[in-house]
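Heads up, the next two complexes both have chain A, just with different partners, chain B and then chain C.
Here is the complex of A and B:
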């Protein structure tokens, strides 16, 4: 029994799932589900299809190089069955998975760093510039509490106010 | 009433519809997507592959001399032959100096089928085309070489000679 990788989306194909397509040059394409199979038949390039692992790795959304990936490399040599080795391997798989998930989460936070600051800046700018989309400028002149202006002026002094239309 | 119906049909691009209709009539066993379903444009070339039956053209992938054959009878199966089954075929085109001649009736083993076949572990396998290896009545191949990949299913059907000649076992 072997867990394969889907050619299109790179997810694991468990036994009993999926279709394998053998091309006449003897290259085998394995697919985890008909979604990937149909995309392949449509001749879509997985590197351009946003939800695949190939796209995500290529565009830096998921981490590419890590020592935890070395453990998952394909080995063609069959191992002699040894119960101790099997138990140790099972424990190791769990541990490696935990480490890998933690590293991926860290990669994600590093990627998203500074997003909140950017969002807040963009929101403040939008509030300043485009408040006229929400409230009419005449209404803003009357009620100064609706503006973000730092100088609080009374409505009776029009020259000290910021004009809302740029 | 007839004029009303005719005018309605004329609005739906006549050349495209004619193509669809004529191709539908020619291939009763190939399924196309319904016109009404959304996105049928992109899915038009995704066919539902079926069995190998009478009048199915198959490529010959050994060096017995034949180029392609036409199936006359699938020996097992009511609906047709699948991957690994034996068929009776008639040679349609042959190379000039070969072991078989055009018009001969031969037996063949299907080594590649475009229709997916389920494996005992639950997965499915399908190939790119329909291909056959010519055999005699005892099941021994006539040719001495087999080109292209062949499936594991031949082992179960006891076509071991073909497996030994194969260059790649899928």
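Here is the complex of A and C:
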């Protein structure tokens, strides 16, 4: 039993799922579900379909080159079974998974960095330019209190509180 | 000496087994008869390994190898490849090959020095064959058949080719392979030599349909007779009498 990757979306195909298509040139295409299979039959290029891993890798949304990917490569020359090596490998698999997830999270934060600043700037500009979408320009000119103009107010010392009545 | 064998009542034993100078691969049959014949004959000299390839029993036609290495197709599962690696001696390199023509036993025929391959084999596969099996590779056809792995069978001592091979072809192949070649049949006139018999430098196994004449041809071309007179009498008796196990 081997957990293969879907040819279209690159997700893992577990036993009992999906369809395997063998073309006349003996190339095998594995699909995780009918969605991917139907997209393949429509001759769609996975590099252009937004939700696939191929697209995300190509457009820099997901991590492309990393040393953790080397561990998952298919190997064609086996090594003799060694119990210690197997035990170490099983422990390493867990650790490598954790590291890979951490690196992907870091890649995501790096990608999203500066988003907040951009959003603030865009909001400020919108407020300046497009306030007319909210309030009519005539109304703004009449009642200047409705505009949000920048006034410099000097912060004064807290005065004694006036009595509430009279 | 050549022994007659059957795999579950089928005489094409070259389909279900692979024999080299360093190991023997046997398919998993319903009963242990097939395996025990090989074990009885070969166990003290080389490891006899029961295996499947890609979950199938037609291992003789799917894999190709000699004493230096074993090549298996890309359809071989990880567990099978690991089993082969664990069971075979360390000098034998087990390698899985990504190749469009996945029945390597039909495409590659080799001994320890030379290999004949299917003319349409990939260049990378050819390089892998030369590298892992340590052989010189020739892209050739045998008697007009491109499936050289099934239609001819040769060892370091000699070789057998299908009956209607022309004399020129025979001479050409003989010079390429540097071994004496003879045109013959196996299993009562079957031309698919390599599917009907398996052979290495000191033993051969044939399907039980093989006639005494065919068996004597095999024994003479592959030089399987030991040169002691008593042995000759015993072995000739074995090949002359069509015995049923």
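Rule of thumb we're sticking to: the second predicted complex is superposed on the first by the 134 of 166 C-alpha atoms of A that agree within 3 Å, B and C clash if a C-alpha of one lies under 4 Å from a C-alpha of the other, contacts with A are read in each partner's own complex, and residues count from 1 in each chain.
In this section, a contact is a pair of C-beta atoms (placed from the backbone, for glycine too) under 8 Å apart; a residue touches a chain by one contact, two chains touch by 3 or more.
Because the structure is predicted, anything quoted here is derived from the model rather than measured.
In the superposed pair of complexes, A:138 makes contact with neither chain B nor chain C.
When both complexes are overlaid on chain A, the residue A:26 reaches chain B and chain C alike.
With both structures placed on the common chain, the touch criterion links A:81 to chain C but leaves chain B unconnected. Judged by the touch definition given at the top, the superposed model places A:3 against neither chain B nor chain C.
Residue contacts after overlaying the shared chain place A:118 against neither chain B nor chain C.
In the superposition on chain A, A:42 contacts chain B only, with no contact to chain C.
Once chain A of one complex is fitted onto chain A of the other, the partner contacts of A:16 are limited to chain B, with no touch recorded for chain C.
Contact with neither chain B nor chain C is seen for A:90 once the two complexes are overlaid on the shared chain. Overlap of the chain B and chain C interfaces on chain A: residues 1, 26.
Chain A contributes residues 1, 13, 15-24, 26, 28, 38, 41-42 to its touches with chain B in the complex. Those residues of chain B that touch chain A in the complex are listed here as 42-43, 45-46, 112, 116, 121-129, 148-149, 151, 167-168, 170.
Residue ranges of chain A in contact with chain C, taken from their complex: 1-2, 25-27, 76-81.
Contact residues on chain C toward chain A in their complex (touch as defined above): 77-78, 81-82, 84-86, 90, 93-98, 100-102.
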